[in-house]
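The chains carry the letters A, B and C, assigned in the order they are written, with residues numbered from 1 in each.
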C-alpha cells in the first residue's frame, strides 16, 4: 500500500477504482520518520455498532493535536483535541452516523440533523442552507422543481479515494487527503479534493480544499464550512472576534440580539437560535481572521482564510441547554445558508465553468495561554483598525416571491 | 466480553461507544449454568444475502421456547416458537430487511411496510400511526410541517447497545437487552431500553421497556406494540378475548363487522382490513389481559400488561389471502394508530418531561392444551365480570380540519 | 457450495433463506469442463471503497466475451467486452453505487440517476418511466396517491438468490441466475428470475427473464430494458436499424429531429435528449431484431426479442458531451417510459393475475467485421421489406388530465 514518491511517503487507503479499502491501518513516526523530534501517529479505524457500523475514521496525532477525520462522512472532522482543549461539541447525536441511516428528505428536509455532530462539516456542494423548493433543469431541458434538503449532500457521501502522505523532509508535514464526488447523470459533476495537514508538534493545522466542475456545462455550487464549538471555548462570557465591515440578523429573533451578537451566554433551556450574516475585512494578502475566545481569554481558536473565496460569514448562536446542544457555529462560506433560491436572487451562488476549480485554504491555530490568545486577537484588531461596522437591522427579504 | 456481576453473567455484544459489535456469538446453559435443570442457549448470528445483509439476530432457546430478536431492527421480535406453535406470521416480505434498504418516505409514507414481517414490532417513538402531515417546531422556533411516515422510525433503527445477561441463581432468568436511540439535533432525544427475558424451561416471557426523554425540553412520544399473528393461532374460528369497556370501529368498513369483531374468518381474497379501537378493563393491580385463541380452544397466547401505561388497544383484522398476508394485530399502545395530529386532538399523545421515563412490562404466555387455555380465559372473564361493553358505532372524526 | 445436478454444475452463491452470501468465488473451465475447447472463467468479487462498498459483481469470461453482472443492483449488467468492442458507456457516475446510497425520491424523484451507469439496467417492476404522482390502493382499500420515482426500484434492489450453472455437456453453456423480489405488504409481490447465459467461445449471449406475480390479486407491472451505448458503437455516423411500423417523438424537442431520428451525431455540448416511441415489426416466429451500428459498418450489436412480450420500443438519443454522458438507449419494454398514470390511460400497463408469469428472452450478438454486420443488417431489412413506416409527428398527449 506504500507508494512513496521522492518527496513523500504515500499510502492509498481507499480507492474505489482499484476496489480498495484498507481495514485498520496505522503508521508511526518512530518508524517512518525516526529523525523527526516530535512523535506522531496516524491510524485508520473502522467503527462498529449501531448506526456507526462500517464508518471509517482517521485519527492523526501530531504529538500535540489529535485530529479525527471521517472519510465516510465527506471527510468531515469530528474534533480536534489539544489536551483538555477540544474543538468540537456535544451533540445529542452520539454516534458517527453512517450515511445509509440518513434520509436527507426526512423531517421536512431536515434529515441532515440526524447525523450532525462534527466539529467541521462541509455544507454543499450542489447547494447548502435551508431546505425548500428550488428550480433545476431536468433531462428534457425543462425547468423542474426539486426539494433542496438542509445543507446538501456532501457530508453524507463517502470518500472514493483516501490517501495519507508524510513529507520525507522536515518539518515532516502529515497529510490526510480525500476525494468526494457529488456526481449524477443529468446533474452536477462536482468533485471535492480536501487535504487536512499539520506538522508534528504543532498547534496549528490546515484544511485545503479544491472543488472542481467535472462536467462540460457551467455548474452552480455552494460550500459553507459549518465549524461548531461547545465547551470549553463556548461558555458564558466567550466572545467572537472578527474584522467586520457589516452584519445583519437572519430574522427578527436574531435582530433582538444585535447589541451583544458577538458575546455568548450560558446554556439556556429553550434558547432559540440566533443567526447573523457578516461581511468581513481582509489583510492585503486577501486573508481574514476570526477567533472564538473563552471568558478568561486564555483559550481560543483562530481561523485564517481567503476572503475572496469565502466572502460570506455566518455566525450561528445556539446556546441552548446541554442536552439540546450548546453550540455556536463559525461558518465561512461562498454564500449565506439561506435556501439556494434565495441566495441566487442576491447573487451569492457562484458558478464553475467546465473543468474550473475553486479552492480555499483555511488555517487553524489552537491557542492556549493568555499571551498566545492576546497576540492573535491583535491580528484581528489590526484588520478592523478604524473601519466602521455597518449594522443592518432588518433581515434580508425577497419582496416579490418567484 | 464476559463482564459478570455478582448476580448475573453479562456479555456486552454491541456497544457503539466502545466500537464493538460481536460477530457470531453463543452461550450455552450446560457450560454457564450447569446446575440449571433446563437446557438453554443464546446465540447471535449475522445474516447475509439480499436485503438482510448485515442484519443481526439473537436466538434465545430456553429449552421450551425459541425467541428471535432483531437488534438491527429496533429490537423487534421476529417470532417465538414452542414446537409447532408459532407466534408470528407469514408476511409477503420474506427477508429480515436491513434498514439501509428501507425508505420510510416511499410509497406515500408507507415505506415501513417493505420491512414489515415481525411478530412484535414497536411503532414509534416520535410518532406512530398513519402517515400524513403534522406540525413540528423547527430550528428557528417556527412551526414547520413534516410528513410523518407510517409507524415512525424505531423499527428501522439499529440498537447501539446490546447485552445478554443470565442470572447466576435459580431460576437462571435469561435476558436480552438493547438500547435504541431516536435522537436528533433540533428534535427528539428519545431512548428505548428494552429487555426480553424468560426462564429456562418456561412457556412464558416478558418484554420490559423503558422510554426516556434525554432532552431538556418536554417531548411528545407514542409507542404501540404491533403484535401480529398468522397460523396456527389465527384461523377460521379463532377468537380474540379481552375485558372491554368500550370499542369503536376505525372507519365505515370496520363498522360493518362490529357484530363479530372479535372472531376471525378464513383467508379471504381481497379482504380489506378492519380496525377497532378498544378501551379495556384492568384488575386491581392495574394490569389487563387479552388473548388470541384458536378454534379448538387448545392453543392460545395471553398478554398481560399495565393499562395505565398502555391505555389504548387496537385490534387489526387483516384476514386476507395467504400470499397477501393473513394476519391479525393485537396492539396495546399509548395511543391509537391514527396520525399523530389526529391523536393529539383527542388528547392521546403523551409527553415526557426532561429526563422523565415511561415504562411498561408486558407478559406473554404461550398456552398449549385445553386446560391451560381455559384457565387463562377465566382470568379475562373475571376482569369483564358484569361490566357492560359500550359499542360506539361511529368512527371518530375531526369536525373542522386544522 | 457445489450442488451438481445430472445436467449442470450448480453453485449457489447467495441465498438469503440459507443466510448465505459467498465472499469472493471463482470457477474455471480448465478445472470444471476440461474437455471444453474454449477457456472460460466465472468469478464473483465484492467491491470496496466509497459508494461501491459491499457491492457484488460477477464477471463471466466465455473466452471471447467478458460480461459483468451486478447482483447488488438488481442483476443489471455493467458492460460486455469483446476486446476493444465494449457494450457500455461512460457515465458521469463512476462507481457501481450500492443501493444504500441511493434515495430514489431525491432530486424531484430522479434519484435513480445517481447510480445510473449500467449497460443494461431494468426499469420496473411496479412501475418505470418518468416520476410523478399516480394512484394506488392503500391498506384501507382507499385510493391513495404516491410519488412514482424514475424507473422504479428493481435496479436498486439486491438479488436474494444468485446461482451459477454450467452445463455438463457441450456446448457447456454458462449461466448466471438471480432472483430479485419487489415485494411489500399492502403492495406488489413481484418476483424477477433472470438468467444471463452464453457459450464458451461465442460472441452471443442471452438474457432470459421471468416476472411472476406472487400475490393473490391481479398486479400491474412494467418492465423496460434500458440498454445503453457509448463509444465505440455510438459515434458520429452511427445508425440505429430496426423494422419499424410506426414511430413518434416524445416531445416537441424530439419532433425537430424526426428526419434523422435513427442517425447519431458527435458529442454536442448542451445537447438535450431526444426520445422516440417505436412500434416494430416481427418475423413469423414473433421475434424482432434491432441493431446499433458504427459509422464504418464494421462493428455492431444486434438484439433479437419477442415483440408480443415487449411491444414498445423507445429510442433515447442523448449525444451530449463526453463528461455529461454521450449515450444512446435502445429500450424494448412492456410500455413506453412515460409516467405510469399516462401509460395506463393508453392501455400500456400490463397486469399479471395471481401466480401468472411474464417472460422474455433477449438475444444479443456482438458483431465485429463488415460481413457479420452486413448479414445481420440483412435480417432487419428483410423484416421491414415493403412495410411502410407511419410517422406520427405529434407527441402523445392526454387531453383532459385526470
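Observations, loosely collected:
In the analysis below, contacts are C-beta pairs under 8 Å (C-beta built on N, C-alpha and C of every residue); 3 or more make two chains touch, one makes a residue touch a chain.
Every value quoted in this text rests on a predicted model; they were computed, and no experiment measured them.
In the contact between chain A and chain C, the residue numbers used by both copies make up under half of all numbers at that interface.
Superposing chain A on chain B by their CA atoms means rotating through 120 degrees, a value rounded to the nearest 5. Chain A and chain C have centres, each the mean of its CA atoms, that are 42 Å apart. With touch defined as above, residues shared between interfaces to two or more other chains in chain C number as follows: 100, 103, 105. Chain C meets chain A in the complex at residues 45, 47-53, 91-95, 100-101, 103, 105-108, 110, 113-114, 116-117, 251, 253, 269-270, 272-273, 320-325. Chain A makes touch with chain C in their complex at residues 14-21, 54, 99-100, 103-105, 136, 138-141, 144-147, 157-161, 181, 183-187, 189, 214-217, 354.
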